[in-house]
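In what follows, subunit A forms one complex with subunit B and a second complex with subunit C.
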Partner chain A sequence: MTRFVAGRIGFYTLIAVLLAFFTIPLLWLATAPFTSDPTYEVRMPDFTSENFQMIIDHPYALWSLVNSLVLAVGTAVLVVVLSALAAYALSRVRLPGRDALLYALLLLSSIITGTAAMVPLFQLAIELGLIDSQTGLILILSGGLLPAAIFMIKDFMDSTPKSYEESARVFGASPLQIVRHVVVPLVRPGLATIAVWTIANVWGNFLMPFLLLSDVEKQPAAVIMYTLYTEGGQANLKVLSTFGLLYSVPVVLMYLFVSKKYGFRFHGGIKR
Partner chain B sequence: MAAIELRGLTKVYPGGVKALDSLDLVIPDGEFFALLGPSGCGKTTLLRTLAGLETATGGSVVIGERDVTGIQPGARDVAMVFQDYALFPHMNVTDNIAYPLRIKKVGKAERQRKAAEVGARLGLDQLMDRRPGQLSGGQQQRVALARVMATQAQAFLFDEPLSNLDARLRLEARTFLKKLQRELGVTTVFVTHDQAEALAMADRMAIMEAGHIRQIGTPAEVFQRPANTFVAAFIGSTPMNLLDAAVRGDTLEVAGCKVPVPVSAEGLLTEGERLVYGVRPEYTTYSAEPAEGSLGGRVSIVENLGASHLVTLEVNDVAVQAVVPEGDEPAVGDEGFAAPRRDRALVYRDGELVSA
Partner chain C sequence: MAQATSPPEARDDAPARRYSVDAAGLGRLRAGAFVAPALALITVFLVFPALWVIYLGLMNYRLTGVEAVNPKIVGADNFIKAISDPAFWDSTWLTFQFVLGSAVIGQVVLGFSIAWMLRDRRGTLKSVVEGLVILAWILPGAVVAFLWVALLDRDSGTLNALLGIPGFPWLLDHPMLSIIIFNTWRGTAFSMMLYGAALGNVPPSHLESARLAGASGWQQLRDVVFPHIRGHILTNLLLISLWTFNDFSPFLLTAGGPDGKSEVLAVHVYKVALQGGDLGYGAAISTIILLINLVVAVFYLRLLRSKK
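Take a look at the complex of A and B:
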């Protein structure tokens, strides 16, 4: 009996320590922006708005959030539209070596936005006049995310019955009408998943915009955060914590919204 | 409204499987036509080729005097009901019925008016706002029919229209479909593997086997005079007796007994010839007393069919079946005699019907 109780106590202590490990940084993020003089401790805040005023006065901070939004939404729209069309075609047309092609794309995609391809991508962007351009960055980010998106959405397409489309075909619907009227509504949860996944990916991406955008006015929040230091070169916890909070709120809200509206259905290569 | 004509229609799937082998078929305007056959006989391929969902390898499809062989499904002016009905799950009943009109760019108000009209005709007026998932199988079928009616196509194609319904509902739907087709007068082709369904609903039917049409005819013709042993064995809720026979003068020797040559084959047989003698259990009279030209044996099985019984006699180790009205059924082990009706019995030479 004592051994059992001791075991339980040990178990819950372990869980508590693990939870604290993840909770304390979040608590810090929630309290530090409202504290006049934040340190690395979690303290009871004194509810000052001074830190937020500093962010508003910062020349780039709020704009960088808008830039992040532009990049994330732009990439998401491109990825969702292109992956839906490509996945539909790959799901319905029998091509020799189709699966091999998909897996090869998936493998190579991790290189495109990875460090290995940085120099050639940079060269390519310069040659095409897409350096320091948000359009260029959106194209490159989309290219990196598309293969995985196609792979995920193809699974949704595969599981929708063909008779729906054949029925629409006999009524005279064109392939694009079939996609718009029948396929897209049926795979909407999948498309929502892809959109959220893309936005979260772009929102948190530091390296690509850092390398490809030189104009500070075009930089997204992830890059601007890196510049929030005091004159002495120390991390400015007042601004950093406040900006960090503002940076994370949109993503959390988006998750909650989409999860409530569509529900997430991640099931990678697994058939239902 | 239009007639459908197939000329030498051939479909070969990649890999060399010949699903349709040079079929010729004419379905007159307004006919309710059944394509019947076992699984894999090509009946669904034929229907899908008519719809344009499969492209013909050879031959042509003519609908209403227009050759549509190379034409896209949407431009053929046919409408199809799929086996699973293929109702769009994200649209309500109104939008489902109005979908063909939406493709034809009919205005929204007109679409909804038309959908409501067709829906009301099929008794769907209380269900117009529901999604397909909230409907029973029979209601879903009526929505699929309403959607097809809204197209005002020249011909309707039904793929196994009753197979997704439960047994009880199937009988109701059978009557309903036949009545609806008669009222609309639209040329309709349907596929089924159930011979009772085909016999009950069709004006005429084609029985298919391995990409070939084995017989075309009205249900009565097909039931009474199957053109070959395949059709004879396939049609009928109780299988036809198909027995080896030899010609002996003006009688046939069947299972060691003598039966008269059937009316249909009189004067067409040669002495000593080996044939197959066919008679339906329904056209075979059972009695406990020996009679002229009957097959005598011992009762081995009695199956209850409701208002009648199917009696199996062992005649010299050959099974012969007869349908016996209720009340007259023998007990297992009794001695009995089965007398085929001479005007209904048939003779097959090399699998084909012998007749003038």
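Take a look at the complex of A and C:
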């Protein structure tokens, strides 16, 4: 009995320590944006909206969120369309060297990381005139995410029945029509997974835009956030805390939406 | 699982089987056209840079100056410079500490402990703990880095207030410890979810019989649980080591400082190549990083194959 009680006490103590460890760093983000004169201290907020007004008046803050959205959505569209086409062809047609290709893709996507490739990517962007180009950044980000995306979506394609395509073909549909009207509806959850995965990746990505976009009007929120707390002088905590919150809310909402709609299924490589 | 009676091999040229081999009638040519755009992007922006980095490592390329216009091939000079440079070895040693401390010890132990403690619980407590751990993982890196700057601030940071030691400069006095604990906090979610899924596959009847035979908690773990999830542990170790090794977020917290005391290889490359302008030398270090990644990834893929 005493052992059981001691076990309970030990269990709840550990849980309390864990909760504290994971909560305490987040408290500041929850309180400071609503406090009139935020410091690094966590205080009871007085629920002012003045800090949000400052964000609206800030020259780059809101715009950088738009830039993040452009990069995330642009990359997601490109990755979803190209990976779906490629995965479909690889799933249905035995192209020569297909298995070797898939193996190579998986290997490449795990070893060529931003860290390992920052020097050549920076060089390449200079040579191709892609510095300060959002389109260029979207292409570079897509190139990095496509192998894993093809891999994930091919799993979905492999598990869909082929009989629908066969009947559509009997009725004279062209391959592209079959993809659009038969295959896409069947693998929609897979496509949604890839889209969410891509958006989450690009939304949080700091290194690539930090390297390749020097024009402050084109920089996404990740870079602006970093600039706000490192650039000389006293950091403006009103702007920083509120901006950090606004920048975080979309990923949290997206996560809640996904886990509610699909249940949070575990995908090995969902985050790089 | 091999089937007792396997169906006859499908032949591409047999008209009766053709539909199921190529259900939509794509044909190889169109299939190639479907794959081509994705492959083109991957080739230009992923494969080519990886190959080019090896070539760049053999050049004395610089960001500015004469070598920027007229780079020369210097052979293995950059690599020799790297392995004879104490800064490179310091950085490698710090990276080793970072991976061992925050991934192998921090995330694996903490992730497994949380999964084990919550294994047969349902309801609010489980969702709150898991939700918070996952929140630390999904928030943007630039935001969480600043949250830790605020937490560890020497004068009014929450940590010093809680410990009652105002003025203690965590990021200056213990930069490595700071980024190790930061990264443990940041990345535990992945291990927690992986072990949560793995523990679900341990047959409850085995645990039950171990309990009835009087096995203690630790004996149950050692004799029943670990043999079942050995594959998961290895997968987990390889993946998070690879990710942590390539993680750039220490830069957001300490920027490698003070005096390079937290300059892990990812930050070292950035500082040497893009801040210092020595692209050739940076490329040589990148090549070394690529090779280390390759070794870990090949291990991982072999493991996946042997499971199948």
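The criterion applied here is as follows: the second predicted complex is superposed on the first by the 235 of 272 C-alpha atoms of A that agree within 3 Å, B and C clash if a C-alpha of one lies under 4 Å from a C-alpha of the other, contacts with A are read in each partner's own complex, and residues count from 1 in each chain.
Heads up, the rule we're going with is that a contact is a pair of C-beta atoms (placed from the backbone, for glycine too) under 8 Å apart; a residue touches a chain by one contact, two chains touch by 3 or more.
Note that the coordinates shown come from a computational prediction; the quantities given were computed from them, not determined experimentally.
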{"item": "Contacts of A:L186 with subunit B and subunit C, given as first, second, both or neither", "value": "first"}
{"item": "Greater subunit A contact set [subunit C / subunit B]", "value": "C"}
{"item": "Subunit B versus subunit C as contact partner of A:L240, first or second or both or neither", "value": "second"}
{"item": "Which superposed partner A:E166 touches (first subunit B, second subunit C, both, neither)", "value": "both"}
{"item": "Contacts of A:V93 with subunit B and subunit C, given as first, second, both or neither", "value": "second"}
{"item": "Touching partner for A:L105 - first (subunit B), second (subunit C), both, neither", "value": "second"}
{"item": "Partner chain in contact with A:M152 - subunit B first, subunit C second, else both or neither", "value": "neither"}
{"item": "Set intersection of subunit A contacts, subunit C complex versus subunit B complex", "value": "163, 166, 168-169, 182"}
{"item": "Subunit C partner contacts - residues on subunit A that touch it in the complex", "value": "11, 14-15, 18-19, 21-29, 32, 39-42, 78, 82-83, 85-86, 88-90, 92-95, 103, 105-124, 139-140, 142-144, 146-147, 150, 162-163, 165-166, 168-169, 175, 178-179, 182-183, 200, 203-204, 206-207, 211, 221-223, 225-226, 229-230, 240, 244, 247-248, 251-252, 255, 266, 268-269, 271-272"}
{"item": "Residues of subunit C defined as touching subunit A within the complex", "value": "12, 19-28, 30-32, 34-35, 37-39, 41-42, 44-50, 52-53, 56, 61, 113-114, 117, 125, 128-129, 132-151, 153, 155-159, 161-162, 185, 190, 193-194, 197, 235, 239, 242-243, 246-249, 252, 255, 265-266, 269-270, 273-274, 279, 282-283, 286, 289-290, 293-294, 297-298, 300-301"}
{"item": "Sites on subunit B touched by subunit A in the complex", "value": "51-53, 72-76, 78-80, 82-84, 86, 88-90, 99-100, 102-104, 151"}
{"item": "Interface residues, subunit A side, partner subunit B - complex", "value": "161, 163-164, 166-174, 177, 181-182, 185-186"}
